[in-house]
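Structure incoming, see below.
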Amino acid sequence: MKAYQRKLDIRNGCVDLSHGSGGRAMAQLISGLFHEAFGNEWLARGNDQSAFDVGAGRMVMTTDGYVVSPLFFPGGNIGSLAVHGTVNDIAMAGARPLYLSASFIIEEGFRFADLKMIAESMGEAARTADVHIVTGDTKVVERGKADGLFISTAGVGVVPHGLDLSAENARVGDRVLISGTLGDHGVAIMSKRQNLAFETEIVSDSAALNDLVAKMVEAGGRGIRLMRDPTRGGLAATLNEIAQQSDLGFHLREEAIPLKPGVAAACELLGLDPLHVANEGKLVAIVAPENAAPVLAAMRAHPLGRDAADIGEAVADDHHFVQMATSFGGGRIVDWPSGEQLPRIC
Amino acid sequence: MKYADEFRDKEIALGLAKTIRAEADPQKLYRFMEFCGGHTHAISRYGLEDMLPKNVRMIHGPGCPVCVLPAGRIDMAIRLAERPDVILCVYGDLMRVPGSQGTSLLKAKARGADIRMVYSTIDAIRIAEDNPGREVVFFAIGFETTTPPTAVMIRLAEKKQLENFTVFCNHVLTPPAMQNILESPDIRNIGRVEIDGFVGPAHVSTIIGTAPYEFFAEEFGKPVVIAGFEPLDMMQAILMLVRQVNEDRHEVENQYSRAVNRDGNLRAKEEVSDIFELRDQFEWRGLGQVPYSGLKLKRPYAIYDAEVRFDMHELRVDDNPACECGAILRGVKKPVDCKLFGTVCTPETPIGSCMVSSEGACAAHWTHGRFRDHQQRRVS
Amino acid sequence: MCLAIPAEVTKLLPDEMAIVSIDGVSKEISVALIENLAVGDYVIIHVGYALTKIDPEEAMRTLELLRELSAEGQGAAS
Amino acid sequence: MKAYQRKLDIRNGCVDLSHGSGGRAMAQLISGLFHEAFGNEWLARGNDQSAFDVGAGRMVMTTDGYVVSPLFFPGGNIGSLAVHGTVNDIAMAGARPLYLSASFIIEEGFRFADLKMIAESMGEAARTADVHIVTGDTKVVERGKADGLFISTAGVGVVPHGLDLSAENARVGDRVLISGTLGDHGVAIMSKRQNLAFETEIVSDSAALNDLVAKMVEAGGRGIRLMRDPTRGGLAATLNEIAQQSDLGFHLREEAIPLKPGVAAACELLGLDPLHVANEGKLVAIVAPENAAPVLAAMRAHPLGRDAADIGEAVADDHHFVQMATSFGGGRIVDWPSGEQLPRIC
Amino acid sequence: MKYADEFRDKEIALGLAKTIRAEADPQKLYRFMEFCGGHTHAISRYGLEDMLPKNVRMIHGPGCPVCVLPAGRIDMAIRLAERPDVILCVYGDLMRVPGSQGTSLLKAKARGADIRMVYSTIDAIRIAEDNPGREVVFFAIGFETTTPPTAVMIRLAEKKQLENFTVFCNHVLTPPAMQNILESPDIRNIGRVEIDGFVGPAHVSTIIGTAPYEFFAEEFGKPVVIAGFEPLDMMQAILMLVRQVNEDRHEVENQYSRAVNRDGNLRAKEEVSDIFELRDQFEWRGLGQVPYSGLKLKRPYAIYDAEVRFDMHELRVDDNPACECGAILRGVKKPVDCKLFGTVCTPETPIGSCMVSSEGACAAHWTHGRFRDHQQRRVS
Amino acid sequence: MCLAIPAEVTKLLPDEMAIVSIDGVSKEISVALIENLAVGDYVIIHVGYALTKIDPEEAMRTLELLRELSAEGQGAAS
């Protein structure tokens, strides 16, 4: 391509409406900022779509929109999150994530410097997860019509032969494994919200779990019934969903659930249940009892599963309750979160 | 968490449970009301029910200031928030509380009212400073615990000479409500279950002290034990109540002595009495009008009173007639006795006060205890 | 009601504010309602305000009593 | 699934923050509104990703974000557009579009009734285009942090063996074919913008072009060098892009470019160049000269290509100019649009 | 499009081109300035240059009110728009016009200034009515064509008693600018190319009529032909100018008689003279200060004058010294003679007035005519 | 400068407004600057205002003249 007039002023410049209007300014933003950060052969061809070869088999596809606020948080930013989240939804099917697409919706006035940092985080997250961002789109909306930046990523991957992980696959007697401590992402985010502002060492757990999943599949094979990443709504929402879809219930042991003291403290401060708080680098696996031990061992051998734990089992229950033996010695339900997670005073 | 974890110890709890079981007379029924939602929450959160003998029964009182706020006051707040000049600041708990006809602050916000969630009254002051062209109203709710922070905020607004700041005051008092449960004329319709003792408020008592319960224990002949919100605090208090009943005493005892004394927080009480005065009566969702149970701003502080500045008029909304909250709060019925429980009425779409916050009797049972209604085998 | 938790005062600030810490989580709160506060004190915090100081001796006493009462049960019939 | 408490009040209700928070309200919105509208076996399984079988070969993937305002416009709405646009980007590779993902970013207060209409349009557009919306995501943001509704769709499809359409493939001498009249979508949108408000019979051309493309590929095979849908930036941006990427220039004949009189009039009124105005149901094909006639015939035989025309040719040009012989008899450049398309007074 | 399509007829054009070629003396050079950007646009849009003989050369004048607005006035507008109380209403053309240091209204908007694009002055009035708490300022620009709509709007604001509405007036007049081109002292530095005749404004003349050019034709001895903006209008006017030159006449002739007469639009002229008066001088980008070339609001309308209400101070920004606009506007140089053309200066990032709107000489050449600089073969 | 196009008046409205039509595109404009306007008249519109009426006879005359001038050229050398 011939040089476009002046270079983007990354340090001081910001996105304006001309960067979304299909003219030279947009082409410059895309090639000068996004392609540079994601750099790969597919984007370089400059088409509105990208092509790749696949072998015959089973593929999975997923999408998620990222609207996190603040955009930068301890442990990551919206860019790395947008890669991890979508990679993880692919990985939860036991699949190997391959290609991602990225759709950017940018509010006018957004600083190039921030956009570049975010794009670079995406590029790095993609390289680490061994996936490629092969196609994308950029829209710019007027000030006040977005919240800085939204990213929607979609992803595709391939499932190893014979693997069919799905929410209806849990069976009574299956074990519930969790890959590590809960609530880190949600607490890291909340610590930076203006009205809550508290200080904590907790950083988001945002990470790509595909490699961990590969090791688990190796160890557990078809004994793994299903996996899910407990994001919005936390472990509570995830297990309630699975209970409904698999038509059973769960019994958990609170003592077994890994939780950082700082996360517990922040949740007490805000009146939130850590089981309702979002995670972005954790997974729940429902595993046949005979495979639980090897899968758990494989998890613990992986850096992202060091704190993995067996936290309970699937039980027959027409009411689909997720019950929990509290660490105090009683029993309770772990219900869906109701509505937005708001800090409580009561 | 120091001063919390120690009071959640499973081993101590197991022994304490045995002590209670040993001391509770199997021939007797012990019906204790925990007034506070904090206690209700502890019971359900830690599964305390599973650790008490069957003849020790907890009755969940009206002690959640969010739950007891009547729909009419929510409607008033929504009407205020819908004014384009107004920013309404609220504690997060209030967002889902139902007003009339399925409305709520959450829905009003979705429809365009400028409603901001705050964590502290100090945030509301900051919002007023940041928005000089707007009217910032703080939606004040809460028992004696939450009133002093509102008082401090009004002092601060005075000091900063904020002219765009007012308070929609909904602060209420616990002793009149406890009294109401035992003697209100409604009891004739609802019936009454004998209450054998009260677990008294924890954090309310840090402010008002234990003294105000003395009249109460004497007048009604009921034992009262002030207890902390940790589960061992609760169990100890229950044991103390069992002992009072067994010994036919009706005294005020203080289990929560690490934070509560007889006189309370004098400085806080003084701030409150400087700024607030009693209303003749105030409506409680589930209880109806309760005399001398609510606070309003005193005359010299009327410039900070949103009801004065915006000429707000009382709105009254009848409670849903099918809602059994009145009977539940008085221990006559249980959540499952209500036809609406878990069908029309859930935490997502609460109908009555007991479902509104996670500390209401119905919400606590729905969220944490419901499995017991269908219990096939015990979680262990 | 009245969500409130114990926190340690780690720093006193001007204007009757202070920093408190709970297991590594620290937060700025108002201590306008408390007299004679010192770093190291534990307070009960509620909606960003300290409501009262915790009396460490009373806490220890309660805990001892709890252990005794529990031991009574452990000694009693199982 | 067990019944969720009360039904969504589609007629009077609106989205609030609880519908994006991972609890029951969100599950209800998704199953009660989106799944109903898109209804297919993949969504019914309720996973965070969907799996499907593919044969070995070449696949394409694309994404686009849709931020159109107003959301409803003559000839469509954001929902149908989000399907057509992504289907078309797949089709432009000569591929058969198969599966779509949909990411919704919704502003609190958005009316259920509108959301339902939009979802139903998406479902219908997908059925017409013979694609399936197999996975999705819903986020709700606070009022003032979005513009009602944004949709990002991604899509995958399979390319027939031996076809490799790409922007660098144009050769000197190739013909430039366009599938119909230009500017209809942009003018239909602008006619409804508050400050421009004019009345016109023009409706958006928004349509899925995959069937048209299939017929063209049948007729033209590998003589089709590349195709592109002239969306944002219009024909001008599209041809300038291709000129740069294929390192050549174009010569167009203005007389040959199909244009509705109403579109021409609206553009004169606003001071816009119709070649800069967006289309959503048109394609440009660069075709080897010997294949141009059969491809054009195939286009004209298709309802979406009735007005197809041969509008010019690729020429050698180091400057990558897109030149045009005006209908008046002179010559001019057709340049990129510069910045946002704003109505002019001068 | 009636009254437009007929005047774009290719067949007539071909004959007309031949007539011009036949009548233009091959020994002579005909240098005609079209004052108006509308004419410049028609030339480039329709490729008129390809239809004229080589010795008939068009010089693109300063006739685009967007282009000639100096950077300082843009800076003033941005400073105003950055006030949180102000909503600035502008015609879309203005958004990309450069102020100082690479700024523009588009960028100011991106950084948070509340700037609204309007199609008509009537929209600005509506915005003022819809935002009673804000100050709505209309950024008025334009020649005699665009001034009457501003006048009507001020009348309307008066009638509606709008108190939050003002005008930032930048209206300018064409005859003083034409005069400046021929006699300004700058010419000594820039040098001058002889201009043999003027294509006179089309729509400006619908308002002011042809009379004002009579003095001009006489004083400077230059033929003037008022022409419509359609390409055949232009070609006819060029033929008429060729004939005047050949016959050594210097008259005002009216090619655009279907819309223009000698007196113009009396009602419009009256509205304008009621409300506006001449400034002593006004800066034009590319021309510098031009005496009696700008308008301001008369004293009785000062309450609608943003410069008065907001106590705005004139900001002066020097033009980029490398920019050759001054010479280009006077016909001495061509866009390609400027070192910045197409490198630093493009329509996306214009440096000088001639690149600002698509009607500027440099922008028109970049956008539509550039291929001729590298022409290998003729488009046909 | 001064983008303006011819449009037909199709309806007169109160408050000196009117509807004009251009090849099926219709728009509300102000006619406050025009006297004696009738439906069927053509006007030149600019920034939402009619600037002047078009004189149909003059238009026809110009067009005839254009044809003549063109014919002169066609007759002349090619």
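Labels A, B, C, D, E and F are assigned to the chains in the order they are written; within every chain, residues are numbered from 1.
Just so it is clear, contacts are C-beta pairs under 8 Å (C-beta built on N, C-alpha and C of every residue); 3 or more make two chains touch, one makes a residue touch a chain.
The chain lineup, named per UniProt: A, D = Hydrogenase expression/formation protein HypE; B, E = Hydrogenase maturation factor; C, F = Hydrogenase maturation factor HypC.
All values derive from a computational prediction rather than experimental measurement.
Enquirer: In terms of touching chains, how many steps apart are subunit A and subunit E, taking the shortest path?
Expert: 1
Enquirer: Going by the average position of its CA atoms, which chain sits the greatest distance from subunit D?
Expert: C
Enquirer: Greatest Cα-centroid separation from subunit F: which chain?
Expert: C
Enquirer: Which whole number of Å gives the spacing of the CA centres of subunit A and subunit B?
Expert: Spacing between the chain centres: roughly 37 Å.
Enquirer: At what distance in angstrom does the C-alpha mean of subunit E lie from that of subunit B?
Expert: 71
Enquirer: Go ahead and note the Å separation of the Cα centroids belonging to subunit E and subunit F.
Expert: Distance between chain centres: 21 Å.
Enquirer: Once you find the CA centre of subunit B and the CA centre of subunit D, what distance in Å lies between them?
Expert: Computed from C-alpha means, the inter-chain centre distance equals 55 Å.
Enquirer: Could you list the positions in subunit B whose residues touch two or more of the other chains?
Expert: 1, 4, 13-14, 17, 37-38, 64-66, 91, 96, 106, 119, 123, 142, 146, 346, 348, 359
Enquirer: Any chance you could list the residues of subunit D touching two or more other chains?
Expert: Residues 17-18, 23-25, 261, 264-265, 268, 271, 338-340, 344-346 of subunit D each touch two or more of the other chains.
Enquirer: Of all the residues in subunit F, which ones touch at least 2 other chains?
Expert: 1-3, 5, 22-23, 46-47
Enquirer: Using the touch rule from the top of the page, what pairs of chains touch, sorted by label?
Expert: A-B, A-C, A-D, A-E, B-C, B-D, D-E, D-F, E-F
Enquirer: What residues on subunit C touch subunit B, complex-wise?
Expert: 1-6, 8, 22-23, 29-30, 32-35, 42, 44, 46-49, 51-56, 58-59, 61-63, 65-67, 69-74, 76-78
Enquirer: Can you check the complex and tell me which residues of subunit B touch subunit C?
Expert: 1-4, 6-7, 11-22, 36-38, 63-66, 91, 119-123, 142-143, 145-146, 148-149, 152, 201-204, 206-207, 229, 232, 236, 239, 255, 257-260, 265, 267-268, 271, 359
Enquirer: How about subunit A: which of its residues touch subunit B in the complex?
Expert: Result: residues 195-196, 251, 261, 264-265, 268, 270-271, 317-319, 321, 323-333, 335, 338-340, 342-346 of subunit A touch subunit B.
Enquirer: Inside the complex, what are the residues of subunit B that reach subunit A?
Expert: These residues of subunit B touch subunit A: 1, 4, 8, 10, 13-14, 17, 37-38, 44-51, 64-66, 91-93, 95-96, 106, 116-119, 123, 142, 146, 231, 346-348, 357-359, 366-372, 374, 376, 378-380.
Enquirer: Would you tell me which residues of subunit A are touching subunit C in their complex?
Expert: It is residues 191, 197-201, 261-262, 264-266, 268-269, 271, 344-346 of subunit A that touch subunit C.
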